[in-house]
Amino acid sequence: MIATVRHKVNFYDTDAMAVVHHSNYIRWFEIGRVEFLRAAGITLNQLMADGYVFPITEVSAKYVASAFFDDELVIETIPEALTKVKMAFNYRIYRASDNTLLVEGHTQNVFTSKETGRITRLPDKYYDKLKVMMAL
Amino acid sequence: MIATVRHKVNFYDTDAMAVVHHSNYIRWFEIGRVEFLRAAGITLNQLMADGYVFPITEVSAKYVASAFFDDELVIETIPEALTKVKMAFNYRIYRASDNTLLVEGHTQNVFTSKETGRITRLPDKYYDKLKVMMAL
Amino acid sequence: MIATVRHKVNFYDTDAMAVVHHSNYIRWFEIGRVEFLRAAGITLNQLMADGYVFPITEVSAKYVASAFFDDELVIETIPEALTKVKMAFNYRIYRASDNTLLVEGHTQNVFTSKETGRITRLPDKYYDKLKVMMAL
Amino acid sequence: MIATVRHKVNFYDTDAMAVVHHSNYIRWFEIGRVEFLRAAGITLNQLMADGYVFPITEVSAKYVASAFFDDELVIETIPEALTKVKMAFNYRIYRASDNTLLVEGHTQNVFTSKETGRITRLPDKYYDKLKVMMAL
(Lines give C-alpha, C1' and ligand atoms only; values in the text may rest on other atoms or scores of the structure.)
Protein backbone atom coordinates (compact mmCIF):
# COMPACT_ATOMS: atom_id res chain seq x y z
CA MET A 1 0.00 0.00 0.00
CA ILE A 2 1.19 3.48 -0.81
CA ALA A 3 0.88 5.94 2.06
CA THR A 4 0.17 9.51 1.02
CA VAL A 5 0.59 12.64 3.08
CA ARG A 6 0.65 16.35 2.25
CA HIS A 7 3.15 18.96 3.36
CA LYS A 8 3.21 22.68 2.66
CA VAL A 9 6.58 24.30 1.88
CA ASN A 10 7.45 26.87 4.53
CA PHE A 11 9.46 29.99 3.93
CA TYR A 12 12.20 28.63 6.19
CA ASP A 13 12.53 25.61 3.87
CA THR A 14 13.83 27.79 1.03
CA ASP A 15 17.41 28.86 0.36
CA ALA A 16 19.14 31.77 -1.41
CA MET A 17 18.39 30.18 -4.82
CA ALA A 18 14.71 30.82 -3.87
CA VAL A 19 13.84 27.12 -4.05
CA VAL A 20 13.49 24.41 -1.39
CA HIS A 21 16.90 23.36 -0.09
CA HIS A 22 17.55 19.81 -1.28
CA SER A 23 18.21 18.48 2.24
CA ASN A 24 14.61 19.13 3.23
CA TYR A 25 13.26 16.39 0.99
CA ILE A 26 15.29 13.89 3.01
CA ARG A 27 13.39 15.15 6.06
CA TRP A 28 10.09 14.90 4.23
CA PHE A 29 10.78 11.25 3.34
CA GLU A 30 10.63 10.80 7.12
CA ILE A 31 7.17 12.38 7.22
CA GLY A 32 6.14 9.84 4.59
CA ARG A 33 7.66 6.91 6.49
CA VAL A 34 5.96 7.91 9.73
CA GLU A 35 2.66 8.11 7.85
CA PHE A 36 3.19 4.65 6.35
CA LEU A 37 3.83 3.19 9.81
CA ARG A 38 0.79 5.01 11.20
CA ALA A 39 -1.34 3.51 8.42
CA ALA A 40 0.05 0.11 9.50
CA GLY A 41 -1.03 0.84 13.07
CA ILE A 42 2.46 1.52 14.40
CA THR A 43 3.74 4.73 15.96
CA LEU A 44 7.42 5.49 16.44
CA ASN A 45 6.61 6.41 20.04
CA GLN A 46 5.39 2.84 20.73
CA LEU A 47 8.47 1.39 19.06
CA MET A 48 10.76 3.59 21.14
CA ALA A 49 8.84 2.88 24.35
CA ASP A 50 9.35 -0.82 23.56
CA GLY A 51 13.11 -0.27 23.22
CA TYR A 52 13.46 -0.14 19.45
CA VAL A 53 15.11 2.54 17.38
CA PHE A 54 15.25 2.51 13.58
CA PRO A 55 18.34 4.30 12.27
CA ILE A 56 18.54 5.07 8.58
CA THR A 57 21.38 3.17 6.90
CA GLU A 58 20.93 4.39 3.33
CA VAL A 59 19.26 7.30 1.66
CA SER A 60 19.21 8.49 -1.93
CA ALA A 61 17.29 11.05 -3.94
CA LYS A 62 16.98 12.21 -7.53
CA TYR A 63 15.88 15.81 -7.90
CA VAL A 64 13.73 16.33 -10.98
CA ALA A 65 12.19 19.77 -10.45
CA SER A 66 12.26 22.48 -7.78
CA ALA A 67 9.60 23.23 -5.22
CA PHE A 68 8.94 26.78 -4.10
CA PHE A 69 7.66 28.52 -1.01
CA ASP A 70 3.95 27.84 -0.37
CA ASP A 71 3.79 24.85 -2.72
CA GLU A 72 1.58 22.07 -1.43
CA LEU A 73 3.48 18.78 -1.78
CA VAL A 74 2.22 15.23 -1.97
CA ILE A 75 4.58 12.68 -0.41
CA GLU A 76 4.03 9.08 -1.54
CA THR A 77 5.74 6.33 0.43
CA ILE A 78 5.98 2.97 -1.29
CA PRO A 79 7.25 -0.05 0.68
CA GLU A 80 9.96 -1.92 -1.17
CA ALA A 81 11.30 -4.64 1.12
CA LEU A 82 10.75 -5.90 4.63
CA THR A 83 12.58 -8.38 6.82
CA LYS A 84 12.57 -8.62 10.61
CA VAL A 85 15.77 -6.58 10.75
CA LYS A 86 15.32 -4.00 8.03
CA MET A 87 12.92 -2.09 5.85
CA ALA A 88 13.25 -0.25 2.58
CA PHE A 89 10.98 2.41 1.12
CA ASN A 90 10.73 4.36 -2.11
CA TYR A 91 9.32 7.87 -2.21
CA ARG A 92 7.82 10.19 -4.79
CA ILE A 93 7.19 13.82 -4.00
CA TYR A 94 4.84 15.79 -6.28
CA ARG A 95 3.60 19.36 -6.38
CA ALA A 96 -0.13 19.12 -5.74
CA SER A 97 -1.17 22.03 -7.97
CA ASP A 98 0.22 20.64 -11.25
CA ASN A 99 1.22 17.05 -10.41
CA THR A 100 4.87 17.77 -11.31
CA LEU A 101 7.18 15.08 -10.01
CA LEU A 102 9.83 16.86 -7.93
CA VAL A 103 11.88 14.18 -6.22
CA GLU A 104 12.21 10.40 -6.18
CA GLY A 105 13.95 8.76 -3.28
CA HIS A 106 14.84 5.65 -1.36
CA THR A 107 15.71 4.82 2.23
CA GLN A 108 16.71 1.74 4.17
CA ASN A 109 16.58 1.48 7.94
CA VAL A 110 17.45 -1.24 10.41
CA PHE A 111 15.73 -2.11 13.66
CA THR A 112 18.08 -1.65 16.55
CA SER A 113 17.91 -2.20 20.29
CA LYS A 114 17.91 1.14 22.08
CA GLU A 115 19.81 -0.45 24.96
CA THR A 116 22.59 -2.31 23.15
CA GLY A 117 22.72 -0.26 19.95
CA ARG A 118 22.85 -3.55 18.00
CA ILE A 119 20.64 -4.68 15.16
CA THR A 120 17.73 -6.69 16.47
CA ARG A 121 14.74 -8.61 15.12
CA LEU A 122 11.45 -6.78 15.18
CA PRO A 123 8.87 -8.72 17.28
CA ASP A 124 5.90 -10.22 15.45
CA LYS A 125 3.41 -7.75 16.88
CA TYR A 126 5.06 -5.10 14.72
CA TYR A 127 6.32 -7.28 11.89
CA ASP A 128 2.91 -8.74 11.13
CA LYS A 129 1.31 -5.31 10.81
CA LEU A 130 4.02 -4.20 8.41
CA LYS A 131 3.69 -7.40 6.37
CA VAL A 132 0.00 -6.77 5.92
CA MET A 133 0.71 -3.23 4.68
CA MET A 134 3.34 -4.51 2.22
CA ALA A 135 0.78 -6.85 0.68
CA LEU A 136 -2.04 -4.34 0.31
CA MET B 1 33.78 36.36 31.29
CA ILE B 2 32.58 36.62 27.73
CA ALA B 3 32.89 33.40 25.71
CA THR B 4 33.60 33.91 22.03
CA VAL B 5 33.17 31.38 19.24
CA ARG B 6 33.12 31.67 15.45
CA HIS B 7 30.62 30.19 13.03
CA LYS B 8 30.54 30.34 9.26
CA VAL B 9 27.19 30.87 7.52
CA ASN B 10 26.32 27.85 5.37
CA PHE B 11 24.30 27.98 2.20
CA TYR B 12 21.56 25.93 3.87
CA ASP B 13 21.22 28.69 6.52
CA THR B 14 19.93 31.18 3.94
CA ASP B 15 16.34 31.70 2.78
CA ALA B 16 14.61 33.00 -0.35
CA MET B 17 15.37 36.60 0.71
CA ALA B 18 19.05 35.56 0.22
CA VAL B 19 19.91 36.29 3.85
CA VAL B 20 20.27 34.07 6.92
CA HIS B 21 16.86 32.94 8.16
CA HIS B 22 16.22 34.66 11.49
CA SER B 23 15.55 31.38 13.32
CA ASN B 24 19.16 30.30 12.84
CA TYR B 25 20.52 32.92 15.21
CA ILE B 26 18.47 31.31 17.99
CA ARG B 27 20.37 28.09 17.19
CA TRP B 28 23.67 29.94 17.18
CA PHE B 29 22.99 31.37 20.65
CA GLU B 30 23.14 27.69 21.66
CA ILE B 31 26.60 27.36 20.11
CA GLY B 32 27.64 30.34 22.24
CA ARG B 33 26.09 28.90 25.42
CA VAL B 34 27.79 25.54 24.91
CA GLU B 35 31.10 27.36 24.45
CA PHE B 36 30.56 29.37 27.63
CA LEU B 37 29.93 26.17 29.59
CA ARG B 38 32.96 24.52 28.01
CA ALA B 39 35.10 27.50 29.07
CA ALA B 40 33.73 26.93 32.58
CA GLY B 41 34.80 23.29 32.40
CA ILE B 42 31.30 21.88 31.94
CA THR B 43 30.01 19.85 29.01
CA LEU B 44 26.32 19.27 28.32
CA ASN B 45 27.14 15.58 27.96
CA GLN B 46 28.36 15.43 31.58
CA LEU B 47 25.28 17.30 32.78
CA MET B 48 22.98 14.92 30.90
CA ALA B 49 24.91 11.83 32.09
CA ASP B 50 24.39 13.18 35.63
CA GLY B 51 20.66 13.43 35.04
CA TYR B 52 20.28 17.15 34.35
CA VAL B 53 18.63 18.78 31.39
CA PHE B 54 18.49 22.54 30.87
CA PRO B 55 15.43 23.58 28.87
CA ILE B 56 15.21 27.11 27.54
CA THR B 57 12.38 29.05 29.19
CA GLU B 58 12.84 32.41 27.44
CA VAL B 59 14.51 33.62 24.31
CA SER B 60 14.56 37.00 22.59
CA ALA B 61 16.48 38.60 19.76
CA LYS B 62 16.79 41.98 18.08
CA TYR B 63 17.89 41.79 14.46
CA VAL B 64 20.03 44.77 13.48
CA ALA B 65 21.58 43.73 10.17
CA SER B 66 21.50 40.69 7.88
CA ALA B 67 24.17 38.03 7.52
CA PHE B 68 24.83 36.41 4.18
CA PHE B 69 26.11 33.07 2.92
CA ASP B 70 29.81 32.57 3.68
CA ASP B 71 29.98 35.33 6.31
CA GLU B 72 32.20 34.46 9.24
CA LEU B 73 30.29 35.29 12.43
CA VAL B 74 31.55 36.00 15.93
CA ILE B 75 29.19 34.86 18.68
CA GLU B 76 29.74 36.50 22.07
CA THR B 77 28.02 34.97 25.08
CA ILE B 78 27.79 37.18 28.15
CA PRO B 79 26.53 35.68 31.42
CA GLU B 80 23.80 37.78 33.01
CA ALA B 81 22.46 35.94 36.02
CA LEU B 82 23.01 32.66 37.80
CA THR B 83 21.17 30.87 40.59
CA LYS B 84 21.18 27.17 41.40
CA VAL B 85 17.97 26.72 39.41
CA LYS B 86 18.44 29.02 36.43
CA MET B 87 20.86 30.89 34.22
CA ALA B 88 20.51 33.85 31.91
CA PHE B 89 22.80 34.89 29.07
CA ASN B 90 23.04 37.78 26.66
CA TYR B 91 24.45 37.35 23.16
CA ARG B 92 25.96 39.58 20.50
CA ILE B 93 26.58 38.24 17.02
CA TYR B 94 28.93 40.19 14.73
CA ARG B 95 30.17 39.78 11.18
CA ALA B 96 33.91 39.17 11.50
CA SER B 97 34.95 40.95 8.31
CA ASP B 98 33.55 44.39 9.20
CA ASN B 99 32.55 44.11 12.87
CA THR B 100 28.92 44.88 12.03
CA LEU B 101 26.59 44.00 14.88
CA LEU B 102 23.94 41.68 13.43
CA VAL B 103 21.89 40.38 16.33
CA GLU B 104 21.58 40.90 20.07
CA GLY B 105 19.83 38.28 22.11
CA HIS B 106 18.93 36.87 25.48
CA THR B 107 18.05 33.44 26.85
CA GLN B 108 17.04 31.98 30.18
CA ASN B 109 17.20 28.30 31.01
CA VAL B 110 16.29 26.25 34.07
CA PHE B 111 18.02 23.18 35.41
CA THR B 112 15.67 20.24 35.40
CA SER B 113 15.84 16.62 36.50
CA LYS B 114 15.84 14.34 33.48
CA GLU B 115 13.93 11.74 35.50
CA THR B 116 11.16 13.81 37.05
CA GLY B 117 11.04 16.66 34.53
CA ARG B 118 10.90 19.08 37.49
CA ILE B 119 13.12 22.08 38.18
CA THR B 120 16.02 21.08 40.38
CA ARG B 121 19.02 22.72 42.07
CA LEU B 122 22.31 22.36 40.27
CA PRO B 123 24.88 20.58 42.50
CA ASP B 124 27.87 22.61 43.73
CA LYS B 125 30.34 20.81 41.48
CA TYR B 126 28.70 22.55 38.53
CA TYR B 127 27.43 25.69 40.25
CA ASP B 128 30.85 26.65 41.60
CA LYS B 129 32.44 26.46 38.17
CA LEU B 130 29.72 28.68 36.70
CA LYS B 131 30.05 31.17 39.57
CA VAL B 132 33.75 31.51 38.87
CA MET B 133 33.05 32.21 35.19
CA MET B 134 30.41 34.84 36.09
CA ALA B 135 32.97 36.71 38.19
CA LEU B 136 35.80 36.70 35.62
CA MET C 1 -8.83 38.32 13.82
CA ILE C 2 -6.83 35.42 15.13
CA ALA C 3 -5.47 33.14 12.41
CA THR C 4 -5.22 29.48 13.39
CA VAL C 5 -3.19 26.77 11.69
CA ARG C 6 -2.16 23.26 12.69
CA HIS C 7 1.29 21.70 12.49
CA LYS C 8 2.37 18.19 13.37
CA VAL C 9 5.72 17.73 15.16
CA ASN C 10 8.11 15.74 13.00
CA PHE C 11 10.80 13.45 14.30
CA TYR C 12 13.45 15.75 12.85
CA ASP C 13 12.08 18.59 15.02
CA THR C 14 13.15 16.83 18.23
CA ASP C 15 16.54 16.97 19.96
CA ALA C 16 18.54 14.74 22.29
CA MET C 17 16.37 15.80 25.24
CA ALA C 18 13.56 14.02 23.30
CA VAL C 19 11.49 17.21 23.05
CA VAL C 20 11.03 19.76 20.26
CA HIS C 21 14.12 21.96 19.94
CA HIS C 22 13.17 25.48 21.11
CA SER C 23 14.34 27.11 17.86
CA ASN C 24 11.60 25.35 15.90
CA TYR C 25 8.82 27.36 17.52
CA ILE C 26 10.39 30.50 16.05
CA ARG C 27 9.98 28.83 12.65
CA TRP C 28 6.43 27.87 13.44
CA PHE C 29 5.56 31.50 14.30
CA GLU C 30 6.37 32.07 10.62
CA ILE C 31 3.81 29.43 9.60
CA GLY C 32 1.27 31.34 11.70
CA ARG C 33 2.23 34.70 10.17
CA VAL C 34 1.95 33.36 6.63
CA GLU C 35 -1.48 32.00 7.48
CA PHE C 36 -2.58 35.34 8.90
CA LEU C 37 -1.50 37.11 5.71
CA ARG C 38 -3.23 34.47 3.60
CA ALA C 39 -6.44 35.02 5.57
CA ALA C 40 -6.03 38.73 4.76
CA GLY C 41 -5.74 37.85 1.07
CA ILE C 42 -1.97 38.45 0.84
CA THR C 43 0.69 35.94 -0.11
CA LEU C 44 4.39 36.47 0.52
CA ASN C 45 5.00 35.52 -3.11
CA GLN C 46 2.91 38.50 -4.30
CA LEU C 47 4.70 40.83 -1.89
CA MET C 48 8.11 39.63 -3.12
CA ALA C 49 7.06 39.81 -6.78
CA ASP C 50 6.06 43.43 -6.05
CA GLY C 51 9.50 44.16 -4.63
CA TYR C 52 8.79 43.96 -0.90
CA VAL C 53 10.58 41.88 1.68
CA PHE C 54 9.60 41.77 5.35
CA PRO C 55 12.60 41.02 7.58
CA ILE C 56 11.98 40.17 11.21
CA THR C 57 13.41 42.83 13.54
CA GLU C 58 12.39 41.34 16.89
CA VAL C 59 11.38 37.95 18.16
CA SER C 60 10.70 36.64 21.64
CA ALA C 61 9.26 33.49 23.13
CA LYS C 62 8.34 32.12 26.54
CA TYR C 63 8.45 28.33 26.75
CA VAL C 64 5.82 26.98 29.11
CA ALA C 65 5.72 23.25 28.33
CA SER C 66 7.46 20.84 25.94
CA ALA C 67 6.05 19.39 22.75
CA PHE C 68 6.95 15.88 21.67
CA PHE C 69 7.26 13.97 18.41
CA ASP C 70 3.90 13.42 16.73
CA ASP C 71 2.08 16.06 18.78
CA GLU C 72 -0.45 18.01 16.77
CA LEU C 73 0.06 21.71 17.49
CA VAL C 74 -2.32 24.63 17.12
CA ILE C 75 -0.59 27.89 16.19
CA GLU C 76 -2.61 31.04 16.92
CA THR C 77 -1.43 34.30 15.39
CA ILE C 78 -2.83 37.45 16.94
CA PRO C 79 -2.14 40.81 15.26
CA GLU C 80 -0.86 43.39 17.73
CA ALA C 81 0.10 46.51 15.80
CA LEU C 82 0.20 47.70 12.21
CA THR C 83 1.64 50.77 10.51
CA LYS C 84 2.64 51.18 6.89
CA VAL C 85 6.24 50.34 7.77
CA LYS C 86 5.90 47.61 10.37
CA MET C 87 3.75 44.89 11.86
CA ALA C 88 3.73 43.11 15.19
CA PHE C 89 2.16 39.78 16.05
CA ASN C 90 1.66 37.69 19.15
CA TYR C 91 1.54 33.91 19.03
CA ARG C 92 0.21 31.12 21.19
CA ILE C 93 1.09 27.51 20.42
CA TYR C 94 -1.01 24.76 22.03
CA ARG C 95 -0.98 20.97 21.96
CA ALA C 96 -4.21 19.99 20.23
CA SER C 97 -4.83 16.79 22.24
CA ASP C 98 -4.97 18.40 25.70
CA ASN C 99 -5.02 22.17 25.01
CA THR C 100 -1.78 22.66 26.95
CA LEU C 101 -0.22 26.03 26.24
CA LEU C 102 3.35 25.33 25.10
CA VAL C 103 4.79 28.63 23.92
CA GLU C 104 3.83 32.29 23.79
CA GLY C 105 5.69 34.57 21.43
CA HIS C 106 6.00 37.89 19.71
CA THR C 107 7.54 39.15 16.48
CA GLN C 108 7.97 42.48 14.75
CA ASN C 109 8.82 42.88 11.09
CA VAL C 110 9.43 45.86 8.84
CA PHE C 111 8.50 46.26 5.19
CA THR C 112 11.60 46.76 3.12
CA SER C 113 12.34 47.41 -0.53
CA LYS C 114 13.97 44.37 -2.10
CA GLU C 115 15.96 46.67 -4.37
CA THR C 116 17.32 49.24 -1.93
CA GLY C 117 17.21 47.18 1.26
CA ARG C 118 15.67 50.21 3.00
CA ILE C 119 12.49 50.38 5.05
CA THR C 120 9.59 51.39 2.85
CA ARG C 121 5.88 52.14 3.21
CA LEU C 122 3.54 49.32 2.28
CA PRO C 123 1.19 50.39 -0.56
CA ASP C 124 -2.50 50.73 0.24
CA LYS C 125 -3.52 47.64 -1.72
CA TYR C 126 -1.76 45.57 0.96
CA TYR C 127 -2.14 47.89 3.92
CA ASP C 128 -5.91 48.11 3.59
CA LYS C 129 -6.29 44.34 3.61
CA LEU C 130 -4.18 44.06 6.75
CA LYS C 131 -6.14 46.87 8.45
CA VAL C 132 -9.36 45.02 7.84
CA MET C 133 -7.91 41.86 9.40
CA MET C 134 -6.68 43.81 12.46
CA ALA C 135 -10.19 45.12 13.06
CA LEU C 136 -12.01 41.78 12.74
CA MET D 1 42.60 16.96 -4.53
CA ILE D 2 40.58 16.11 -1.47
CA ALA D 3 39.21 19.13 0.38
CA THR D 4 38.95 18.71 4.14
CA VAL D 5 36.93 20.80 6.55
CA ARG D 6 35.89 20.33 10.18
CA HIS D 7 32.46 20.77 11.69
CA LYS D 8 31.36 20.42 15.29
CA VAL D 9 28.04 18.71 16.01
CA ASN D 10 25.64 21.15 17.66
CA PHE D 11 22.95 20.20 20.13
CA TYR D 12 20.30 21.31 17.62
CA ASP D 13 21.67 18.72 15.13
CA THR D 14 20.59 15.82 17.37
CA ASP D 15 17.21 14.08 17.48
CA ALA D 16 15.20 12.12 20.04
CA MET D 17 17.38 9.01 19.42
CA ALA D 18 20.20 11.20 20.90
CA VAL D 19 22.26 10.99 17.69
CA VAL D 20 22.71 13.36 14.76
CA HIS D 21 19.63 13.36 12.53
CA HIS D 22 20.58 11.69 9.25
CA SER D 23 19.42 14.65 7.13
CA ASN D 24 22.16 16.84 8.58
CA TYR D 25 24.94 14.93 6.83
CA ILE D 26 23.36 15.92 3.51
CA ARG D 27 23.77 19.54 4.65
CA TRP D 28 27.34 18.89 5.71
CA PHE D 29 28.20 17.51 2.27
CA GLU D 30 27.40 21.06 1.14
CA ILE D 31 29.95 22.46 3.61
CA GLY D 32 32.49 20.10 2.03
CA ARG D 33 31.53 21.10 -1.53
CA VAL D 34 31.80 24.81 -0.73
CA GLU D 35 35.23 24.17 0.78
CA PHE D 36 36.34 22.27 -2.33
CA LEU D 37 35.26 25.16 -4.55
CA ARG D 38 36.97 27.65 -2.24
CA ALA D 39 40.20 25.62 -2.49
CA ALA D 40 39.78 25.86 -6.29
CA GLY D 41 39.48 29.64 -5.98
CA ILE D 42 35.72 29.77 -6.61
CA THR D 43 33.05 31.11 -4.27
CA LEU D 44 29.37 30.40 -4.72
CA ASN D 45 28.75 34.14 -4.32
CA GLN D 46 30.83 34.86 -7.44
CA LEU D 47 29.03 32.13 -9.37
CA MET D 48 25.64 33.50 -8.36
CA ALA D 49 26.67 37.11 -9.10
CA ASP D 50 27.67 35.84 -12.55
CA GLY D 51 24.23 34.33 -13.05
CA TYR D 52 24.95 30.67 -12.32
CA VAL D 53 23.17 28.42 -9.89
CA PHE D 54 24.14 24.81 -9.23
CA PRO D 55 21.16 22.72 -8.16
CA ILE D 56 21.77 19.26 -6.77
CA THR D 57 20.35 16.56 -9.05
CA GLU D 58 21.37 13.47 -7.08
CA VAL D 59 22.38 12.72 -3.55
CA SER D 60 23.07 9.48 -1.72
CA ALA D 61 24.50 8.47 1.62
CA LYS D 62 25.41 5.32 3.50
CA TYR D 63 25.31 5.66 7.26
CA VAL D 64 27.94 3.54 8.96
CA ALA D 65 28.05 4.86 12.52
CA SER D 66 26.31 7.60 14.53
CA ALA D 67 27.72 10.97 15.50
CA PHE D 68 26.80 12.55 18.81
CA PHE D 69 26.48 16.04 20.21
CA ASP D 70 29.84 17.80 20.52
CA ASP D 71 31.67 15.38 18.20
CA GLU D 72 34.21 17.09 15.99
CA LEU D 73 33.70 15.83 12.43
CA VAL D 74 36.08 15.75 9.48
CA ILE D 75 34.35 16.19 6.12
CA GLU D 76 36.37 14.98 3.13
CA THR D 77 35.18 16.01 -0.33
CA ILE D 78 36.58 14.01 -3.22
CA PRO D 79 35.92 15.17 -6.79
CA GLU D 80 34.61 12.34 -8.98
CA ALA D 81 33.66 13.78 -12.34
CA LEU D 82 33.57 17.15 -14.05
CA THR D 83 32.14 18.37 -17.34
CA LYS D 84 31.13 21.90 -18.29
CA VAL D 85 27.53 21.14 -17.33
CA LYS D 86 27.86 18.97 -14.25
CA MET D 87 30.01 17.92 -11.35
CA ALA D 88 30.04 14.89 -9.07
CA PHE D 89 31.61 14.54 -5.64
CA ASN D 90 32.10 11.79 -3.14
CA TYR D 91 32.23 12.47 0.59
CA ARG D 92 33.54 10.76 3.69
CA ILE D 93 32.67 12.05 7.13
CA TYR D 94 34.77 10.88 10.10
CA ARG D 95 34.71 11.51 13.81
CA ALA D 96 37.97 13.35 14.54
CA SER D 97 38.58 11.85 18.00
CA ASP D 98 38.74 8.19 16.93
CA ASN D 99 38.78 8.31 13.11
CA THR D 100 35.54 6.34 12.91
CA LEU D 101 33.97 6.53 9.47
CA LEU D 102 30.41 7.75 9.99
CA VAL D 103 28.98 8.43 6.55
CA GLU D 104 29.93 8.01 2.91
CA GLY D 105 28.09 10.00 0.32
CA HIS D 106 27.77 11.21 -3.22
CA THR D 107 26.23 14.22 -4.97
CA GLN D 108 25.79 15.42 -8.51
CA ASN D 109 24.94 18.98 -9.45
CA VAL D 110 24.34 20.75 -12.74
CA PHE D 111 25.25 24.30 -13.69
CA THR D 112 22.15 26.27 -14.50
CA SER D 113 21.41 29.77 -15.68
CA LYS D 114 19.76 31.78 -12.90
CA GLU D 115 17.78 33.70 -15.51
CA THR D 116 16.43 30.89 -17.70
CA GLY D 117 16.55 28.04 -15.19
CA ARG D 118 18.09 25.87 -17.93
CA ILE D 119 21.26 23.83 -17.80
CA THR D 120 24.17 25.85 -19.11
CA ARG D 121 27.89 25.40 -19.79
CA LEU D 122 30.22 26.74 -17.13
CA PRO D 123 32.57 29.38 -18.62
CA ASP D 124 36.27 28.54 -18.83
CA LYS D 125 37.25 30.94 -16.08
CA TYR D 126 35.52 28.61 -13.64
CA TYR D 127 35.91 25.33 -15.49
CA ASP D 128 39.70 25.62 -15.74
CA LYS D 129 40.07 26.17 -12.00
CA LEU D 130 37.96 23.11 -11.28
CA LYS D 131 39.91 21.00 -13.79
CA VAL D 132 43.13 21.89 -12.04
CA MET D 133 41.67 20.80 -8.69
CA MET D 134 40.46 17.50 -10.17
CA ALA D 135 43.98 16.71 -11.35
CA LEU D 136 45.78 17.53 -8.09
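As written, the chains take the letters A, B, C and D, and residue 1 is the first residue of each chain.
Methods note: a contact is a pair of C-beta atoms (placed from the backbone, for glycine too) under 8 Å apart; a residue touches a chain by one contact, two chains touch by 3 or more.
Source: prediction; values computed, not measured.
Peer 1: Could you find the chain whose CA centre sits the greatest distance from that of chain A?
Peer 2: B
Peer 1: Provide the C-alpha centroid distance between chain B and chain C, rounded to the nearest whole angstrom.
Peer 2: 24
Peer 1: What is the distance, in whole Å, between the centres of chain B and chain D, each centre taken as the mean of its C-alpha atoms?
Peer 2: Their C-alpha centroids are separated by 28 Å.
Peer 1: Where the centres are mean C-alpha positions, what is the separation of chain C from chain D, in Å?
Peer 2: 33
Peer 1: Touching at least two other chains at once: which residues of chain B meet that condition?
Peer 2: Within chain B, the residues that touch at least two other chains are 11-12, 16, 19, 23, 27, 30, 69.
Peer 1: Graph of touching chains, which shape: line, ring, star, complete, other?
Peer 2: complete
Peer 1: Inside the complex, what are the residues of chain B that reach chain C?
Peer 2: Answer in residue numbers: 16-17, 19, 22-24, 26-27, 30, 48, 53, 55-63, 66, 114.
Peer 1: If we count contacts the way the header does, which residues on chain D are in touch with chain B in the complex?
Peer 2: Within the complex, chain D touches chain B at residues 10-12, 27, 30-31, 34, 43-45, 68-70.
Peer 1: Which residues of chain A touch chain B in the complex?
Peer 2: 11-12, 14-16, 18-19, 21, 23, 69
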